[in-house]
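Chain IDs A, B, C, D and E follow the sequence of writing; residue 1 opens each chain.
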Amino acid sequence: AALRLSSSGPLFIAEEAGFFRGEGLEVTFRFFTAAQPVAVAVTTGDADFGVTGLTAGFYNLAGKGALKIIAAQSADVPGFHLSACLATPRAWDGGLRGLADFPGRSVGITQTGSTFHYMIGLLARKQGFDLARVRLVPLQSIPNMVSAFRGGQVDALILPSSVALPMLAREEAKLLGWVGDATPWQLGALFTSGRTAAERRPLVARFVRAYRRGAAAYHAAFNAVDAAGRPVPGPGHDAFLAILAKYTQQPAEQIRTGLPWVDPDGRLDVGDIHDQVAWWQAQKLVDPGVDAGLILDLGFVEGHRNVPR
Amino acid sequence: MELLVEGVGHAFGALPVLEGVDLEVRAGEILSLIGPSGCGKSTLLAIMGGLLRPTRGRVAARGTPPAGCLNPFTYVFQDFALLPWRTVAGNVALALEHHPLSRAERRERVAAALSTIGLAEFARTYPGRLSGGMRQRVGIARALVVRPAVLLLDEPLSALDAQTRELLIEEFLALWQRDRTTAVHITHNLGEALRLADRIVVLSRRPGRIKATVAVDVPREGRTRPEAAGRIAALHAVLWDLLREEARAAARELAA
Amino acid sequence: MELLVEGVGHAFGALPVLEGVDLEVRAGEILSLIGPSGCGKSTLLAIMGGLLRPTRGRVAARGTPPAGCLNPFTYVFQDFALLPWRTVAGNVALALEHHPLSRAERRERVAAALSTIGLAEFARTYPGRLSGGMRQRVGIARALVVRPAVLLLDEPLSALDAQTRELLIEEFLALWQRDRTTAVHITHNLGEALRLADRIVVLSRRPGRIKATVAVDVPREGRTRPEAAGRIAALHAVLWDLLREEARAAARELAA
Amino acid sequence: MSEARSVPFRGGGFVLRPRRGLSLAALAALLAAWQAATGSGWANPLFLPAPTTVAATLWELAASGALTEHLLASARRVALGWTLGTAAGLAVGLAMGIFSAARAAGLPLVSAIFPIPKIAVLPLFILWFGIGEPSKVATIAAGVFFPTVIAAFSGVDAVPRTLVRMGQSFGMPAWAIVAKIVVPGALPTVLAGFRISVAIAIILVVAAEMIGADAGLGAFVLTAGNLMRTDQLLAGVVVLSALGLAAAGLVSAAERLLLRWR
Amino acid sequence: MSEARSVPFRGGGFVLRPRRGLSLAALAALLAAWQAATGSGWANPLFLPAPTTVAATLWELAASGALTEHLLASARRVALGWTLGTAAGLAVGLAMGIFSAARAAGLPLVSAIFPIPKIAVLPLFILWFGIGEPSKVATIAAGVFFPTVIAAFSGVDAVPRTLVRMGQSFGMPAWAIVAKIVVPGALPTVLAGFRISVAIAIILVVAAEMIGADAGLGAFVLTAGNLMRTDQLLAGVVVLSALGLAAAGLVSAAERLLLRWR
């Protein structure tokens, strides 16, 4: 189960390049249009594996033993422009000029507990402002957010680059900064159900192996950087881009500008996940009983980063 | 008031129902209309009151409605046409509500009409809980309450027992004496026609044409007296023969 | 078949409509039921055919329906009760469809009934496009088509002109000669009752009680002959007086 | 002579009598089935917590005052949106029932616009009405409008034309015919439409409160859903259900009052 | 003697005649208003691209074959879901129209369950029906079921009881009374319900295709929304609209055929 987003690229590449078949796996993709049903489908066993962003809802579900995170998906890292913080021209004129200027303003997010919500939280910690002084306006969908933004109903937004770049180009919005540049974090993950992780370990291991080969190929093609830290095309760039275009049903041109960073080995930033859970718990949006350690099954990938002692 | 029916014809789609009807209803006259079932009597009445546009000819009226008349051309419908969601009193009041009457007068008129037809105690009953004859009487009360100039009665007493009918005929004649209302009266009861009418128009089978007009040449007050019995019986026989001819012709057509 | 009405009383809520009705309808008899409007005639008929449960008493039947009878107790309803979404033929066929008849026979029976009532050419017309009398005739055809053992007729000819009525009375008597159908016949036309009935039951005003039972002691075939006119007129007068008494009493009550 | 047997009773039936006990029993059975489903594991308690759990959550919410706040916020939006949508829907629907031109022009528009999913037009609503109350009320009103239009013109179609002719014969002005004959005649169908539209209004409170709502059952349910807090989600759903029951009760009362004549 | 004047005509009116030209004109006016709104800047072209833009997008989609694929996938789901929901709804609704017990038990359940928003129960649908076609069809069927139930029992309520008594008097078995008197008598209200339920079915295809759909107009519209491709979003909406128009046309045809007698 997955969303039609380039952050699921390693999966698509693993399939098209035959890595799954190489492991003797017959993989069928099931696509969803929102993160929540992906997690539900894996929980109910309708899908064996899922990849999506890490949300408070995900942690709540996983915290009940339903889901185990087994490998990394995309991450926000400096230089890879996934999520933009935008201000309306009016707010900009009114003094909203940087990532520290949020207090006292309203920010549109998709949903309470979403990745966008977390990013604002991250910025608050990094920039040292009080999140309580920012009015978060949940608007459920990107068109709603953009519409509220255009109408001046909210002062700022965090948006995916694919939507943000055209707006910046048309000067309908002012860029406050990129989340990845300001506060890198683990955005998404590959996960399976608690049952599968416990009872079908060999299968999971084979799946993760293929997935990591996909991730490695993806990383090589899309995540190469030049000396200045700017992305440059790597080997297989064009072929893989065509694969992504096929799966995401988007023109290659549009995908190119918002390709996320993916760890070549599927290694998770484990410490960050612990941080995320702790922060959500502090916000009272994730049940206090959830233990980040139990959500993670680190046995399928070696060399996870930042593993707490 | 006076009604002039001039060359009226009507067809429902391909079905001709009336043909070349010329008729004059004189002021203050009671004209009965008889004819075989389905010959177009109700259709003609609807045309006379301006409820249906004839495919041919026209209907004109002469004279002015008397003072106090709220609705010059008023119907009593064959199928009663009561509003099921209004009580008996409400159905009668309907005819008055759009006229500038005081509340008290409206209530009084309704009460008077209901007691005339003998349904005062059913004023607050819905039509669905009335017997057939009671429904018909509500339709009559509703027509009387507006003091019409021309009454268009479509089998107004068909669902009533002989005795109730007799009472209502007397009531009606008393009202008629007072207001000299012009009336066109469809009936299938020759006795009723001979009680009420100045003239009786016999329609042919469908398509209805005027087959004969029979004047009832006995003063209305005297018609129930024994002396008149002979003349009334003779008229009855004449009408009966006229109708039978039509029925025979219809039967022959069917057989062919 | 024979019908026994034993101590039947009925009230709609607080309104008593029938009281202590005892009545025997003999096999092959035609019994007419007359009485003031709203006295409970239709209610009594509904009770007799098992459509309404009386609040008191019971109705029993004796005898077996003759061969070929599809529906022993069959109504002709006062308000016709036609299905507006079925054509004339469809309404008549309705009574046959749940019986094991061949298609051809069903069609034949329907066609025969429609030509009896003179509506063959309207077989495919919807009731909404019929005149009042035509609708009533469809209701009669629907009842005849099942060859009933007991016919329960609620003012079956009220909307028909004198001549059509006469034709249908003759048709009906012919059928009755053949099948000796028992019939209970509500009417408000004394002449009709005196043409058809073996006995005439007069109901009092509401709550309806049996006020009198009048036997029509003239052979049915002879009733239209001039010799019988005197006896028929005498019976007519008797019935008329019985009814008038009721109407007077009702009027007195109203005045009080 | 053969025995006299009672004439078989063939009437009766097809008449509805209220049976309050059975109604309550049905609701109780629903709760029992829910409890049983969660107890037996047929429904994963992860997605369908037991009614007892939900009751506890509800109790907490009620105690904290949050429940009243959400309920009031949503009820106000539902009431306002339903009233506006119904008023507009009745006006348009009656016109479409009476005038050939209105019907000819209106029917294709209704048929084309009704099936448009709300989420597709929310951005436009935000643009036109902002993210405050107006856009929320408009969302509900828009959802109520279309079924009401359909119920209204279908109801008018069912009014027997002979009654209209009767009104005309008494010289009733057109407005009086509409007010006293057409509208009451259409009422049974319109009230059936209300039964549908109140439920739709409550369903739409969730869509409406997608637009930057702080308080409200819809916002509460959405947040609970996003957070996968199924006990809160179900608590919100139970309150929406109760709101639906209350609204349906009002429609039933209106039917008892206005359709007494049946 | 005074002049003879024609008796004023008071009848007529309150009868609807089809006016095809006007229907087409209304749709054309809708398109023109849309074009004007985008041209004048009253509606931001970002959220409401001009019809010409949407037409171009539609053309592209059609040329690539994607349109047919999405349309077929959704139309199949709508047809299947609507049919199932309608069948179940008619069965339950007729029972509630006929039996006091069914009404007493069913009405509170319908009133309580109908207002539950679909998105709140999606996880349960996934749990019970999986992520394949069944859950999508079930979502649509569930949405269609409730309005159909309400239309069916309201329709039965409107059948004159004298007609039922007539059927009983002819010894018609209960099933025949239901099939030949109750159902045809309820038909006008039921068909009005169909008008509402086909539109709801189309609206719900979007909710249904939230659940693991590759193809389908709902999934297409949702994806377009997530990517802020409003031209694609509107193209999808236009196709849904057209689907709604077609479905409404079928209902109108059914009305012409089945309610000829009016």
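The rule we apply is simple: a residue touches a chain if its C-beta (ideal position, glycine included) is under 8 Å from a C-beta of that chain, and two chains touch if they have at least 3 such contacts.
All figures in this text were calculated on a predicted structure; none of them were measured in a lab.
Touch-path distance (fewest steps) from chain C to chain E is 1. This structure's chain pair with the greatest number of C-beta contacts is D-E.
Here the CA centre of chain B is 48 Å from the CA centre of chain E. Centroid to centroid, with C-alpha atoms defining each point, chain A and chain D lie 40 Å apart.
Counting partner chains per residue, chain A has residues 36, 40, 44, 141, 143, 146-147, 150 touching two or more of them.
Residue numbers of chain E whose C-beta contacts span two or more other chains: 10-11, 44, 47, 123, 127, 165, 168-169, 171, 222, 225, 230, 233, 262. Counting partner chains per residue, chain B shows two or more touched chains at residues 46, 49, 51, 73, 79.
You'll find the chains touch as A-D, A-E, B-C, B-D, B-E, C-D, C-E, D-E.
Only residues 10-11, 13-20, 22-27, 30, 43-44, 47-48, 97-98, 100-101, 103-120, 123-124, 127, 146-147, 150-151, 154-155, 157-158, 161, 164-165, 168-169, 171, 174, 177, 182, 188-189, 191-192, 195-196, 198-199, 202-203, 205-207, 218, 221-222, 225, 230, 233, 236-237, 240-245, 247-249, 252, 262 of chain D touch chain E when the two sit together in their complex. Interface of chain C with chain E (complex): residues 46, 49, 51, 70-71, 73-75, 77, 79, 81, 83-86, 94-95, 97-98, 126, 128, 142, 146. On the chain A side of its complex with chain D, the touching residues are 36, 39-40, 43-44, 55-58, 60-61, 64, 66, 108, 111-114, 137-141, 143-144, 146-148, 150-151, 153-154, 285-287. By the touch criterion stated above, chain E contacts chain C in their complex at residues 162-163, 165-173, 176, 180-181, 184-185, 187, 259-262. Residues 12, 34-38, 41-42, 78-79, 115, 118, 120, 129-134, 137, 155, 158-167, 188-190, 240, 243-244, 246-247, 250-251, 254 of chain C are the ones touching chain B in the complex.
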